[in-house]
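Before any comments, here is the structure.
To keep things simple, chains are lettered A, B, C and D as they appear, and every chain counts its residues starting from 1.
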Amino acid sequence: MNRAAEFASVAAYDAVRRRTLELSAPLSAEDCCAQSMPDASPVKWHLAHTTWFFETFILERFEPGFRPFHPAFRVLFNSYYNGIGAKHPRPQRGLLTRPSLDEVLAYRAQVDERIARLMAERGADAQLTPLLELGLHHEQQHQELILTDVKHLLAQNPLFPAYATEPFAAAPPAAPLAWVPFEGGLVDIGHASPGFCFDNELPRHREYLQPYQLASRLVTNGEFLQFVEDGGYTTPALWLSEGWDAVSTQQWEHPFYWRRGDDGGWYEFTLHGLVPLDLERPATHLSLYEADAYAQWTGARLPTEAEWEHAAASHAIETGALHPAAASGAGLAQLYGQCWQWTSSSYGPYPGFAPAPGAIGEYNGKFMLNQYVLRGSSCATPAGHARPSYRNFFPAHARWQFTGLRLARQGG
Amino acid sequence: MNRAAEFASVAAYDAVRRRTLELSAPLSAEDCCAQSMPDASPVKWHLAHTTWFFETFILERFEPGFRPFHPAFRVLFNSYYNGIGAKHPRPQRGLLTRPSLDEVLAYRAQVDERIARLMAERGADAQLTPLLELGLHHEQQHQELILTDVKHLLAQNPLFPAYATEPFAAAPPAAPLAWVPFEGGLVDIGHASPGFCFDNELPRHREYLQPYQLASRLVTNGEFLQFVEDGGYTTPALWLSEGWDAVSTQQWEHPFYWRRGDDGGWYEFTLHGLVPLDLERPATHLSLYEADAYAQWTGARLPTEAEWEHAAASHAIETGALHPAAASGAGLAQLYGQCWQWTSSSYGPYPGFAPAPGAIGEYNGKFMLNQYVLRGSSCATPAGHARPSYRNFFPAHARWQFTGLRLARQGG
Amino acid sequence: MNRAAEFASVAAYDAVRRRTLELSAPLSAEDCCAQSMPDASPVKWHLAHTTWFFETFILERFEPGFRPFHPAFRVLFNSYYNGIGAKHPRPQRGLLTRPSLDEVLAYRAQVDERIARLMAERGADAQLTPLLELGLHHEQQHQELILTDVKHLLAQNPLFPAYATEPFAAAPPAAPLAWVPFEGGLVDIGHASPGFCFDNELPRHREYLQPYQLASRLVTNGEFLQFVEDGGYTTPALWLSEGWDAVSTQQWEHPFYWRRGDDGGWYEFTLHGLVPLDLERPATHLSLYEADAYAQWTGARLPTEAEWEHAAASHAIETGALHPAAASGAGLAQLYGQCWQWTSSSYGPYPGFAPAPGAIGEYNGKFMLNQYVLRGSSCATPAGHARPSYRNFFPAHARWQFTGLRLARQGG
Amino acid sequence: MNRAAEFASVAAYDAVRRRTLELSAPLSAEDCCAQSMPDASPVKWHLAHTTWFFETFILERFEPGFRPFHPAFRVLFNSYYNGIGAKHPRPQRGLLTRPSLDEVLAYRAQVDERIARLMAERGADAQLTPLLELGLHHEQQHQELILTDVKHLLAQNPLFPAYATEPFAAAPPAAPLAWVPFEGGLVDIGHASPGFCFDNELPRHREYLQPYQLASRLVTNGEFLQFVEDGGYTTPALWLSEGWDAVSTQQWEHPFYWRRGDDGGWYEFTLHGLVPLDLERPATHLSLYEADAYAQWTGARLPTEAEWEHAAASHAIETGALHPAAASGAGLAQLYGQCWQWTSSSYGPYPGFAPAPGAIGEYNGKFMLNQYVLRGSSCATPAGHARPSYRNFFPAHARWQFTGLRLARQGG
């Protein structure tokens, strides 16, 4: 039995679905309902939409005598699948006080039960298995969004509420930054193992890389603070034109969740609440604009996604907590589990890319424009979700994800 | 003991405060937290702000050893009083998932207890009484907003949830429309009785009125439907220029809460849910633009606020339910308790108007521009809140209040 | 022969039409084509639209065998008459580089010739005369707009070009401000003489006024500067709520055309170019927000339009130059020819107001909402255009007209 | 003497500068002043800015005793060089009625004279020559923009004025579409010849290409019309997500300059005015969204920029007229001189890219984000400006350039 089929087991299904509930457990029904910006969704909506995915793409197709949990949910919890039909307007997801959180939890329970029955009846079916597996990886993506979206919501509140009540300890000193060289040449890029991957990681194909070097770890808050204090946010020459527009018109003066205290000190809003800025931890919640400007300031650059993947191919995959931790150890550190790492690569199709037919094919391909690839994984990425060929993508201005920065430069 | 002091009694205080809780009782914490547009506030915010009013304008000033319930609430629940200081941004009230509804209810209970103690200690004090009374009338205004704001929120939901579960019966035929004549001449306008009034109803002063006539009742849905079917929304000549802009750019085709069913019939969203449009009940949720265009279409006009007040002076004040009812009986009907009635009068100061000194003076005066006066009261207005001199006011485009239309014309 | 018929004479027609050309003479074709904001029109558009008015409302109706100068002009130069049909979008008037200025001048010449022929053929015809007269008063309104619109355009140019090359001399000291009392009582308001007036000045009707006082002259730059220096633009308590919004969001710190020089001194952009702020001349280009805030600061208020008209009824009407002059002499000065004077009166219909039937009836009535009345006339108002009953109107935020401020207060 | 130095000769300078004047010759001063959208500049501004480039980057640096033509022009005609200092706001370029067109022509003449003197004095100087050459290529880019920007302006005018009075003949049938195969493998990309290139064409570097095929010619209007009639603009599955947003919110139904006639036929606005849509000529003024959707509809895709450059390397470079012509002949046709060809390649730095130091380095590098590369050249591109390695770039939504579409597909 291969890994894909294993992931599509009843136990795997239960584990992933349960994890989503655990993530929402510290939140009240009110917390789960509100939407702080069009890009972020309410937690309740995530709970329902991930369920909708199984109901719409699996039960509707395979369940004998299928009847929807609620006929209106097909529209209410459709995210962006034009092939499915109408969608509730994204910016109004936070106005759905009904169905209540309890009704959504009942929706989850009922769909879970029906999926379990279907799995029992059909077994590791060649049609069902890939869709189940896609549904679980899809749910894991929303698990990360639950944390980043609720963080954004809580950050709007002047009370700075904490998601997690555990204390947030100061990090040990970060390992010093070193440059790790790679020879380049003709390399193969894209998913290779037999396990699951998204369609955008295929086909595996050949690319030519010049010799390059990667920084051994992510840029820290302490390093980024030097950029701030050196006038980084007031020096147009360091910025891409579109980045400078954002800095000027939106009055950016520091990373997204940094705050100046009344005492003159720097603080950072985290899922543990507002804490003193920890200089040893990685700078995070950076836009691509800020990542690129910082790289310019140092004379380095961002890696391409192929450079990153080639370098990361053989490294162990770590899982993080609710905030990025400081780097430790030698070699290429912090590839996974701390911050997604901006690359200079625009998100586009690999040569020969073909999305799946039908609505499910809207998953990745239609977003391949004006977005940039991030590699690795973050502290909010669920265990088992990351891999070397994984291509995360966001617009260059996005700041509400756990996005950080690893430097690169030319030369072997 | 005059009426004012009576209203400021412990029993009156308790009754008004309890009524607010009763109005929020059918709603979940989620319902109470969401904000459907910047003009509408969450129910939880109304519950807190009305409490803030007593805490800030009474306890903070009169309570010995005053300590706030929560230091952040002074900013969080300040609506628009620049004299008090900073304000949480109005469009972001719906993001305040904390404090929770339970904490806000605890806030209410504690402030109520402290107010009761203060009233017991000071008695019908000349300083305290007017502020208590203002606070209660203020709370009654928010009771009406609780209903109109939550109606707006529920209307955004494709499930069309009902606030009230009671059935909504068809109305009996509305009384026929008659014209009631008034001679005009020199009349006195403004509050006269010893009871409470807002500062904007004073000073009582003289105005000269030409002979005029008022319609005996409000315009009904049936009558307004004729306007719709006669091309009212596609005939620019009927509309004020700014009204036609709204119609054109926002694609208005009918009153705000009317909906066309899949069966081709007309429906109306009410606090009882979506119901077939009742042709005998008053047309409501009209903007001033729509009210004026309808009047143009009939060859009549809107009354001025002085015409309305002069006509209404000696009539009984009725209280309504959750939706306007059909007119019955002879004479000038439906003055109170069904729909606020648009007048052609811009909201401005009466001759010699002077607001109270200090922050409390921001209550009315600073809004005397680009708003229009509505007279009477609506089905959502609390009992005891209406009076002939009452001046409600909203911008001409506002459609989410229970706003209707009584015709007027020249001549005795 | 009454004044109306006189104004509709060939000589009067020629004089008004010629004056429009004189006003555009100092401008290049480029100056005449550009549009600096949607509210302001290009001079070339004014030249064409005033001609369109005669062509559309007179020639099209009365000229035997009428053929338009150019079939597209009916749409291109229609301002806002829905009864005439489609309109070129207002914000795009500045993109009409064709027809050229020369073609528009040829359009004017041809229409003038045809109007002259029609006047010769029909004489002082009862149908033709009122329309001719209306067309000439309409053209005079656009003469004022030519000056205010081109001033706005030139003010956008960092070179601060002057419209007029004549030197701009310092004014003599303004007369001291005195209060002129009026008894009030029942007064008649509205146009009374046999001469021309717009429909919005009718019907003449009775109003009741309380005793009041008017300032003998307009507020000067020197006085307004004290308001600025006293923190007028940073004190919310002085402002109407909507005015404070404008101040805060648009960062208003002083009147519209005032500029701080690099030398720290105050300058004002005028049709004579940028000149040192003349403290003796009236403050002008004020919004109603600023006028009201200034009045609040002094403890006075703005007059109502009835107060103004009653006071001004018997005064001589003066004509100004390209910028307001300082007040001289005793009594009620500067009623006309310097700055339009904001009143607190919302622009609405007089009791019994009825617009003309057809498209021409769109002239005034449809704008009677959310605008405020200004009385008097300005330095840019053509000779012969002003009268005591004249009702000018603009939105409260408008700052590009020659709008100033005369104080009023209660009491005889 | 190499080509670069040759281009920097007095004769080359004169020829390029004269060509700019020839392009503006058919236009009036009014035509040259207006600005139809923030992305497009007035012709007068182009005339001045290209002159400013020589004055600022050459005269200011090299001319002994340099004095500016006008001290304000340094700011007025700075496009986007933060290193030079302040800039007149881009959306307000059309409000600069002063300096007049005549003054700008005098500015050109004076700077030309001073440049000629400098060239005479210094000869083919190693510092001067690259800047002169850059200035001339810069001017050629603006020559193309003069045509596309004035086309956009004229298209806003309901009179549909023609830039060129020459008749516009129907094209002969386009050559049939064939697929031209390429083997791919390791190829070298980037500028190679000794002649001039922009910094973004360097360094020449190695890339790996899979086997691919290119269409022998551009997509024609006739072919694109089939896409329109097949519901291309109403089928979300064909579009990138961002493209579908544009289609939906901006109601796109056909290419930018296509118009439906009252006779039901298709027309196209061209520099020759409004003409019947010529089915044999290339579809042009396409956004990348439309190009990509068309390719999806056919089952093909857009080429990458490397695929295009590798294929085009050895082909002759043709120059076009004022509108794209139909394809003729065999082999890879219409590479140059008809329409810029969208590629799927995001505009980014080549490996090792380094912009020039100082303000001149803002020319290309800072725009390397959220723009896409177009290859070839258009009918509006000046003779001598195109080359195989040339990288044009625009945002995916841009439609006002002569942008067309060549299909590609996988396989040798």
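We adopt the following convention: a residue touches a chain if its C-beta (ideal position, glycine included) is under 8 Å from a C-beta of that chain, and two chains touch if they have at least 3 such contacts.
Predicted model only: the values in this text are computed from it and were never measured.
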item	value
Distance from the mean Cα position of chain D to that of chain C, given in whole angstrom	46
Computed distance of Cα centres, chain D from chain A, in Å	37
Overlap residues in chain A, where contacts from two or more other chains coincide	none
Arrangement of touching chains [line / ring / star / complete / other]	ring
Chains that touch, pairwise	A-B, A-D, B-C, C-D
Sites on chain C touched by chain D in the complex	28-34, 36, 72, 75-76, 88, 92, 94-101, 153-154, 156-159, 161
Of all residues in chain C, those that touch chain B in their complex	80, 82-83, 186, 205-208, 210, 236-237, 239-244, 288, 292, 301, 344-346, 348-349, 351-352, 362, 366-370, 396, 410
